[in-house]
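Have a look at these structures, which come just after this line.
Both complexes below contain subunit A, partnered by subunit B and then by subunit C.
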Partner chain A sequence: MTDPRLSELAHLLPELKISTDPGDLEHHGRDWTRRWTPEPLAIAWPSSIEEVQGVVRWANAQGVAVVPSGGRTGLSGGAVAANGELVLSLDRMNRVLGFDPIDRTLTVQPGIALEAVHNAARERGLLYPVDFAARGSCQIGGNIATNAGGIRVIRYGNTRQWIAGLKVVTGTGDVLDLNRGLVKNASGYDLRHLVIGSEGTLGIVVEATLSLTSPPPPSQVMLLAVPAMDALMKVFAEARHRLRLEAFEFFTDRALHHVLAHGAQRPFDETHPFYVVTEFDAADERAEADALAFFEFCLGEGWVVDGAISSSEGQAAALWRLREGITESLAPHKPYKNDVSVRISAVPAFMAEMQDLLSAEYPHFDVVWFGHIGDGNLHINVLKPADLDNAVFVGQCEHVTSMLVETLARHGGSISAEHGIGLVKKPWLGSVRSEVEIALMRGIKAVWDPNGIMNPGKLL
Partner chain B sequence: MKVLVGYKRVVDYNVRIQVKPDGTGVVTDGVKLSANPFDDIALEEALRLREKGLAEEVVVVGIGPADLTAHLRNGLAMGANRAIHVQTADAVSPLTAARTFLKLIEKEEPGLVILGKQAIDDDANQTGQMLAALWDRPQATFASKVEITDGKATVTREVDAGLETIEADLPAVITTDLRLNEPRFIKLPDIMKAKSKPIDVIELGSLGVDAADHIKTTHYSAPPKRSKGVMVKDAAELVAALKQKGLL
Partner chain C sequence: MTDPRLSELAHLLPELKISTDPGDLEHHGRDWTRRWTPEPLAIAWPSSIEEVQGVVRWANAQGVAVVPSGGRTGLSGGAVAANGELVLSLDRMNRVLGFDPIDRTLTVQPGIALEAVHNAARERGLLYPVDFAARGSCQIGGNIATNAGGIRVIRYGNTRQWIAGLKVVTGTGDVLDLNRGLVKNASGYDLRHLVIGSEGTLGIVVEATLSLTSPPPPSQVMLLAVPAMDALMKVFAEARHRLRLEAFEFFTDRALHHVLAHGAQRPFDETHPFYVVTEFDAADERAEADALAFFEFCLGEGWVVDGAISSSEGQAAALWRLREGITESLAPHKPYKNDVSVRISAVPAFMAEMQDLLSAEYPHFDVVWFGHIGDGNLHINVLKPADLDNAVFVGQCEHVTSMLVETLARHGGSISAEHGIGLVKKPWLGSVRSEVEIALMRGIKAVWDPNGIMNPGKLL
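Right, the complex of A and B next:
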């Protein structure tokens, strides 16, 4: 460790684990995006709040930027360190600190994986309901920093709804103990909610108190084949009316094509333009009869043409794999990705308009749509044609983004539904937020992080 | 050829089993119940034989209480031609199940009986073997591949040493292992069609089966909780800790 700044850090915090190993730098310097070459100064793994504070104070003194780092499963470059930053990895702060059965809260360190939170809640007969495909690797601190959503938002809301308390180290190295698990706390600005979704630009989450809830009754998973886009929202409205929905997701035939090529089990013999995966409470035979009645009704209306239902938890998982396996199955095709939202009712008009624009300008593109349609959240993926030069493709995709931003603006939507702004969406923040809003955000950042060391260049 | 398939209902394998506080059994109220996974595989295999033209009729058989009907409807929705529901409110031991199947075989005269290698609730792994003995016909257990030609079944079995391929004259009993096939999804239109498929209901008592319990379960209890791990500083401390536990 020849860099004097690192020698100083090692001197100040002798117990702190630090690495400048090239493998570590590459691995911890990036997230699931691949646009930037990782080039951090070093990786540090603090194991206590005091060590996090120490690192932040050192960073202020030395003028080194800090990139807070969790599971790095993000898709917006929020955890990328490509400019000589210190990556502050929370991997070692991954324990459950406490459980209160009366408050029904679980207190955890930020580096715990989402799946470990699920398991800890389940062991106590309760549920932490925020869930998405990256659950095995993503960490709760990153979930909080991006206000992560996922597949059960329709029933349980985003991460924000489940944060009862936060301990945060600010950009000045101070520790805030926010809300302390209170259910009611009408005492001015709720700073906890500023931190949630702040993408590491205000401070570092060092402890979180999570609300838990009762597990839902047994559920069933249904896969529906939908013949047309305008039928999708009718099926959704009908399902929400008749069933207690846990999730309502859609994907296109192109998405299914890639998942099947990746080894998933084919659900139907014929292909159909759209598919819906929905999960709903099926506690008793009446609930199951309601589900069948819902299907028969939609079939009668011509809104669905085929369907399959899980007869076991294993089959439920197999049906979910058709939806959750999409991202992984697309990865080899170097997809251009966007994660956008519009009001639920505006989904078909927005999607039709966007698809028409794409077909007209880039008829050779393989465009894959999927997402949390019940939340108005769509993931659009454009796959790089094998014969197209990567640079040309990236250029064309930038134009796709402009088209997307304009179309979203016409429909009052957002360029980032749940992935965050990070580096990827930064040029487009102004399309979602007004100038006054952005000025206020900058002002807030200046107060929390006067030296601008917290994840600089991200979001703002 | 007619194929008889055992189709048992069990607590879903993803459910965390809880023992009733009084130790009389496990909690099944409000718990997801599903087909025994090996029975789903048995039914899938029978359906594939029918789709290949090697079987004409697939009959699913369930032994259990009156509310087993909904479960059997799933088997019909998956594709079975009809179902037989042998009704009894009592717990059914493997021997009783085998004797019941024997009675049904006498009536139905199937060319093949496919059962799961075991049910995941009691893990007995006995019914298929007992049935073959009572019926005095060949058995091919733990099947991972089944081929039917000229009144013979060529069955690849998963055994400890690897794979073993045997030939059995039909009629015979085959029990399924996990890798035999991947059961299909139940299609919703088929659930609607299954409503009109026949389910024969027979009282277990009327079959003349000796259902006496030879084994009585006296108590259920949960396995002991795993104790927490202990951190040791170095190899010497590890050796000392293991010695103290009498493990070295």
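Right, the complex of A and C next:
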């Protein structure tokens, strides 16, 4: 640690754990994206709010940029440090600080893993309902910084809805204690909601008070084979009307093809264009009868041509595997991926138009669609043809992105549903936010972080 | 209209309805507060987003302040124009613009009354769930500007949760089209949430896309007599655990006294310190059995000493009247009122401490408490003793406010649960928001409204 700036930091905060070990720099200098070469100045692991403040004040004085770092499971490069930044890792601030059974709130440090939050809630007979695949390694601070969504948004909303209080260290090193767990608090701008989803560009989440809820009743899972997209939307509307939905996911025949090739068990004899996996409350016989009536109605209308329903937890898990195994089954094909959203009602027209563009321009591409119909969130994956040169494929995928951006704009959609903007999507921010909005965001950032040290280059 | 600034406005926007009639100035220059003398420059009724933009641009050029004006049912002076401002009334922009059954969204102009939104949703088989007493005259734009709450927050949250899209004219006259009805959209700072609750100080809501939901199943209403505050909190926790609550309201014996004096029917022979009115789903016999089991359990524990349950809509309305009639029954006593919140778990200690302070200092005051226990929102009313001079009473009430502010601060509460800050609570903003938070709010306002023309003097 010969850099005089780091010597100064170690002098100011003698208890602060700091590393310039090359392995640490590489490991903590990036997220799940692999596009940038990590090159941070150092990694720091504060263990208290005061140490976080100390680091930020030092960074302001020394003109060093700070990259807040959680589980680094992001897919948009929001936690990449490739330009001599100090990575501020929250790994050591990972404890449960408190629980209140009347408020039904759990107060945690930002470095706690999402799964540990789930467990802490469950141990207290309650539920923290935001859930997605990275639960084991992602941290709640990162969930808040990206307003993480996942598979239960149709029932429970995004992370935003579960944040009752937030402590934040701003870009000037001040600590804010926002909302303090209140349910009703009409006392000026809700800065809590400004921080949620700000990707570490305004400040660092150093403590969160999470709202918990009652666990849902027992549920059932249904798999449906659907002949067409317009039928799928009708099935969705009918399901939402008749059942109490926990999830409503779809995937295409191409997705099923890859999951089956990866070892899953074929659910139906025939193949079908679309499949739905839906989970819903099934507390009693009446609810189960409702589910059956829903299925038979859809069958009668011709919206559904085959189906399976879980009658045990094992069967439920097997049906879910068909949807949850998709990403893993595609990984060997090094797919181009994107995570986008449109209004729910715009899904069929957007998908059809995008599919037509792709078929016309790249008929040899294997395009796999899946996602959360119930919140208009689609994941598109384009697989590299085995015989295509990687560099050529990457170039073609850039063109796919342009087509996607333009098609989304025509349908009022967003280039990022739940992964954030980070570095990856920054070139296209202007397709979803107006110039005036971006100017307002820059203005707000300048108020919170006048020296521009908080995660610079990300998002804005 | 001899003011040259108004002549210029009429010249720029020939279709704009403008009035300087003294009756209009007085009527539209204030809200439900009666503390300030209305003295606006004029009232303008734009009929389009373009006209709103034109007014704001004119205001910037002329240095005239603009007070956005909805149903003017506010209790914090947020819509008062007492300093030569132009009142921008949204009364003419009151139409439903669109409905999408798949997205379950209703797009409306800002001047539509909350009750008209309820009706529009109901006609489409759906529910807009935010509800409170001013529904007939308050406007959705004002609801958004104050993040209005009400009696169903325990089930449905505040207004914030139901805003899927927002068009806003900023302090510079630019129009923002925020979020556009998307469920998932992780593309930078969520400016929509910054506008919600900003009390017209950042811009003017000119269109809103509201999320709707399924109507709840049939419900029942239960009235409970409760011997003590700690028992009341246990009853609440038990009810939340066993029933699917729509509302959980409480009031004191003093509140019941005034409602009965105002003509309501006595529910129980004995009097009791506290009463609860709770409404919950009762879709079938099983749910009704659950409710009975809950009641008997509370009775067995001694947390409840008497009770009544509705078996018809008329009975439900009669039980609700005991809670909803309180405000009207107190009005003749010209009460000092305040609307405050603490965390739910802090309610008993806060109320006890405040009641002790009041009893010690003002033993002759009739203090009436009621409110929404389920969201920590308490309404305190102090009645003027008949023989006390009004000016003396007002002076003593200022001291009550000081005691309230200090007690709230000790318990981490807020001086405004759902009424906003406006002019009335501005002196105490610093008790609930830190200096750094207020500085950030001012900085954000300067970005959105560089000339300070948007509702100046309110909130900040």
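Please note the rule applied: the second predicted complex is superposed on the first by the 459 of 460 C-alpha atoms of A that agree within 3 Å, B and C clash if a C-alpha of one lies under 4 Å from a C-alpha of the other, contacts with A are read in each partner's own complex, and residues count from 1 in each chain.
To be clear about the criterion, a residue touches a chain if its C-beta (ideal position, glycine included) is under 8 Å from a C-beta of that chain, and two chains touch if they have at least 3 such contacts.
Keep in mind that what you see is a predicted model, and the values were worked out from it rather than measured.
Q: For A:Pro22, select first, second, both or neither according to whether it touches subunit B, subunit C, the two together, or no partner.
A: neither
Q: Contacts for A:Leu299 in the overlay, against subunit B (first) and subunit C (second): which applies, first, second, both or neither?
A: In the superposed model, A:Leu299 contacts subunit B only, not subunit C.
Q: Go through the superposed model and pick first if A:Gly263 touches only subunit B, second if only subunit C, both, or neither.
A: Once the two structures are laid over each other on A, A:Gly263 reaches no partner at all.
Q: Using the superposition on chain A described above, determine whether A:Val432 touches subunit B (first), subunit C (second), both, or neither.
A: The second partner, subunit C, only.
Q: Quick one: classify A:Glu313 as touching subunit B (first), subunit C (second), both or neither.
A: The answer is first: A:Glu313 touches subunit B but not subunit C.
Q: Who does A:Asp375 touch here: subunit B (first), subunit C (second), both, or neither?
A: In the superposition, A:Asp375 touches subunit C alone.
Q: Among the partners subunit B and subunit C, which is in contact with a greater number of residues of subunit A?
A: C
Q: Scan A:Leu460 for contacts with subunit B and subunit C and give back first, second, both or neither.
A: Second partner only.
Q: State whether A:Gly188 touches subunit B only (first), subunit C only (second), both chains, or neither.
A: second
Q: Using the touch rule from the top, collect the residues of subunit A that touch subunit B in their complex.
A: 122, 217-218, 222-224, 265, 267-268, 283, 285, 288, 292, 295-296, 299, 306-315, 317-319
Q: Please give the residue numbers of subunit B that touch subunit A in the complex, ascending.
A: My answer: residues 12-16, 30-32, 34-35, 37, 40, 70, 74, 78, 182-183, 185-189, 191-192.
Q: In the complex, go through subunit C and note every residue touching subunit A.
A: Residue list for subunit C touching subunit A: 100-103, 105, 146-147, 149, 153, 157-158, 160-161, 170, 174, 176-178, 180-191, 193-194, 196-199, 202, 214, 233, 236-237, 240-241, 284, 286, 341-345, 372, 374-377, 412-421, 425, 429, 432-434, 436-438, 440-441, 443-444, 446-448, 459-460.
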